[in-house]
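Below you'll find a set of structures to go through.
The following pair of complexes shares a single chain, chain A, combined with chain B in the former and chain C in the latter.
Up next, the complex of A and B:
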């Protein structure tokens, strides 16, 4: 028999909690505008112990003022928070754990704070729920990790709370949507309060409070690669990628990683690829941040359209002046969005990026033993898009090559890793067993932290050549194809010469000469820009690099 | 295959010599095969270079006979040790004897090689004396700066004792380096990470505008070659009048600019309408600006 409850269940507890918080917070605000010097007491009024709190911390843009304020609040008032935040980048992000304001953490990427985070985890100050990819964590904002309170960063706000993010929109839409529509308190840190925002990126009625920060939010130029330090080996690998993959499959839609290897590819499009007659045939649509090294490829007519996850410092005027290429608001500045960029990249024809370690199954990892770094966006970009249904030349051609499949014809996304056989400090990139296994034990993770799984990988490019894993019939062949391009590393030295020769015959291993790449041409002379200054010249003076990259 | 340009900045010392001189005209003295290496570095457990980081020899440029030295910035930052210094000194002393049409010094250096301490310091004095002897004998000494290390320390003093200085915008000329100034005077005085500030203070454009170098060229081998040719066979007077004129110029400069906190303030006072735009100008536009200023002065 059903038991009848004494009181009817209430279905609006979150809503009533929201109203109570707003009422408490209003004591420290004029309308929606929080009085800056009362920010800490304001936070103590609106945040409750045990809340899930999201501090916007992207690749680049950070709600740094609010993060620092949270780390100064009273531990009696606010404690045991559950932080759900994509990027742990600034010291206050970890201060809140060190002092007990927060206890539990779900995140994506730790970057420069990785070492300290590892220590705090070991001391029991941080309980890590899980390390996610970007799309995974955003998805959980709409599932079981919806924030009670979120801090976001924007360029400007008006008195009604309408927000203008400028070119660096990044994670903001995901955080805002999840928070505002589940009775969460949304607090925006802005660089300035204005009468009218240049464009409304977030409608004011979604925003609970606004704080004008004493200085503009912190932005890190993490996508700027100085062409001056690109090596001839990287030029050679770039030539092999262009001939052996882009030209071969006719790759028009793609996502580039942000290392020097992919910067080298971008910089020889106007020279090497142009001479091969590939303009209009490769690299037409990209999902990537506005990396300055893309400027020559855009200016010479290779890259026609780019959607960006975020912006890049110094590229504001350039992107604004190229509205045919970038996504631009009516106010004239770029609009970025990490979710949509990730999705666009996921359903494109190719991902190419670098990594630190690769094993014989082709699993790769950027994890190193002493620190927790996390994933970011590479696993989403660098995975087979199994739900894809539309065809394209590159996707269908790769699908036809795939050996380990059944009768049903399928397409295949090209997932490429580009690495030198030896990395920093001459440590071999190729290993029998990833450090990720040790890391799993040390930090008690459910699985070894793998960036791109071997069964997602299709091609491996080194200075030795290209391993095409699609053409391998067995796991043994796959391992030998990887050894075949692993050069003089211990893994490479253990190759079975006969088997590698057979793999070379069927194209599963290709060296420069098999690809029609003349190694003698692999010099820095091929780079369309050899310095940051050259990039400025290509941009017609529109690119304004941060001072640290200049030598003029 | 398309080649944007032949960069002087990126070239090694040997490639710079090859790029500037007439083809196959270079004959090296004390080359790497002779293995004349630093006697001090092995004692410190440090590797040596078979040419001790400097290439010296003779050749022709557009058929005109020159002696040339090129510092290799990739070896110990082009720093001057005992052997390195002796090779440059010997070259300059030879110039006084054989009287070529010029001595060309391609400098790319942080100054004295501190590992060799006194020997490096003594070398610096010897180079300076030999350069002045060559000039006294009527041989012009031409300095070209355009490498990653710029020209710092004692070698910057040597450079300013020569007849002519040519530099690309990437080149820098100063006694103390940015990090040294920051360490000694504090980050408020000079932020070595602020690269634009470094170039506004020590970069070739600023040095050209305040009259310490004689030609600014693009980072291009051909541009350096033409600029050097322009000074071959043209010694500057080295006498009391010239020295006094130089001192008078320095006094005037101090009087005119002593209160300027930034290169931009100096440029504004020189009559440049848009000083903020100066760093972005390419070599041709910049030289146009210099020409206009000089025209305005006379």
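Up next, the complex of A and C:
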């Protein structure tokens, strides 16, 4: 007993565990290169039960071969893993829970797998730690959720393990840094092994092992919006955003969501905004993926600089040929980085995005009763940046409008939600109570899953007009301003017409005619590009759309 | 199909032009014809819609429309293919802007 108590504490257990894992894994590898046919046995050698494991699953790029291999490993060898990854997108990501390889999950987003995830949570197969925002989960990689083993995806590797990610760097740097410097095992899935990588995105001595996948990693073109399906109501809302917000505040630095509403804004910059003389005055710097609908605004000189969280399929040659606009490596291809893009957007002047439900305090949520989807990047982009100190025209003007409790002047980030009053199937976007409250109960969450909180929101844009919540003095005024743009939804029909008229007088509610928007211009003719083919033409043939968008 | 008829007080001037047309009938869309008519200063609206059960919404959308534009002696005829109130109001406002525009 005495001997044990006096035994010196070991301070390198993680390091010794790392060395043991590397030694066990080396039996299945030649140097750092794992023999592909032995990938499953290799994983059984390096992963231990209860490990925290990160499977790189971003918006687009996925370590899909390694994810599938993990879902085929022996449950005797690997079980009760704690998965810490941003995006649950592929069936194997949930297979590992269904079969008991993994039990606990901390994640950000589960778009297409949302229904199945809800079922597995209900069956007790998944214990959800929390649904995070991107920056929040990456931050926890460096705090209490550091991975023991991470799978990342890259385009190419050399024999020393140097990685080239290509334009889709995305989350890789965050995962790599946290894993490699806390004695974690970093395994890279690559499309090809080469003698010399085009550029070093991850230094080889941070990488433990490399597996050459049988086919290129899966990439999803989630940021491509076909202009052909943009509606005239979306054009109208875009016109109101440009006049009522971008022009009014002089918004030069911003982040756009990725829906059709914001695509419509991008596509009327070279037409409507140009005619208003706003070139050089709005939308100059953006934090957003290289959405193809941005091409006309770039080509016409509106958007001068864009930092990207990830890339987009088909935009590789275009971005490479516009190094004044995009961030490009010495090899000539784009470099993306989700953390830095999120940070750049957080400290810019405006975020605008869409949502599924909004309540009378302005809280918005994409959670609906049957699905667990999560948030992605919107909560970070779409929140007041309270640590900001530098001034800009837009930030200071919004700051002057906001109601302050003390004397100290403050700036204010513009946080805008853009929605039609009715969504798919005539379901009202505006509700007295968010489904998120029910979801909290069903899935035993600590809080209702809210995407953008009402006190972060400054403007709400619908086809009816704009509610400026900065100018509302009370919660009652705020609720009536929201009802005032909620149209013919039950929430909108219950508006106090006299109070909305008073709010309109002080500019807290503005309709198209108050904004100088001529609805006769709200047609698809206003779009600088009306099809994917038009976007290809604007790009001078550099944009190479995925086949599913080649509908001409 | 549902056929609806509404009638409202006129509040403003007679339109500058004889008629104006906006939109086309199609799924989720509608056709709006607005025309000058001798209605003794009142305004009327006739709606033929493919979707039943939204009479109260139509009444309110059209009441807000006439209040917004302050017109008299006009008849609005609508052929609706299941448009949302957003599209309905946009088409109505586009047609109203046309018929009120003396210079066009």
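Just so it is clear, the second predicted complex is superposed on the first by the 545 of 552 C-alpha atoms of A that agree within 3 Å, B and C clash if a C-alpha of one lies under 4 Å from a C-alpha of the other, contacts with A are read in each partner's own complex, and residues count from 1 in each chain.
In this text, a contact is a pair of C-beta atoms (placed from the backbone, for glycine too) under 8 Å apart; a residue touches a chain by one contact, two chains touch by 3 or more.
Bear in mind that the values here come from a model prediction, so they are computed numbers and not experimental data.
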>> In the overlaid three-chain picture, which partner chain does A:15 touch, first (chain B) or second (chain C), both, or neither?
In response: neither
>> Quick check for you: in the superposed arrangement, does A:421 touch first (chain B), second (chain C), both or neither?
In response: second
> Is A:127 contacted by the first partner chain B, the second partner chain C, both or neither?
Replying inline: neither
>> Looking at A:530, would you say it contacts chain B, chain C, both, or neither? Reply first, second, both or neither.
In response: first
> Does the superposition put A:23 against chain B (first), chain C (second), both, or neither?
Replying inline: neither
> With both structures placed on chain A, which of the two partners, chain B or chain C, ends up touching more residues of chain A?
Replying inline: B
> After superposition on the shared chain, which partner residues are touched by A:519: those of chain B (first), chain C (second), both, or neither?
Replying inline: second
> Where on chain B is chain A touching in the complex?
Replying inline: 1-4, 6-7, 9-10, 169-170, 193-197, 199, 203, 205, 219, 279-280, 282
> Within the complex, which stretch of chain C touches chain A?
Replying inline: 57, 60-61, 68, 84-87, 89-90, 93-94, 97-98
> Where on chain A is chain C touching in the complex?
Replying inline: 231-233, 236, 420-422, 426, 462-464, 487-488, 493, 512-513, 518-520, 522
>> Taking the touch rule as given, give the residues of chain A at its contact with chain B in the complex, in rising order.
In response: 228, 270-272, 274-275, 521, 524-531, 533-534, 536-537, 541, 547-552
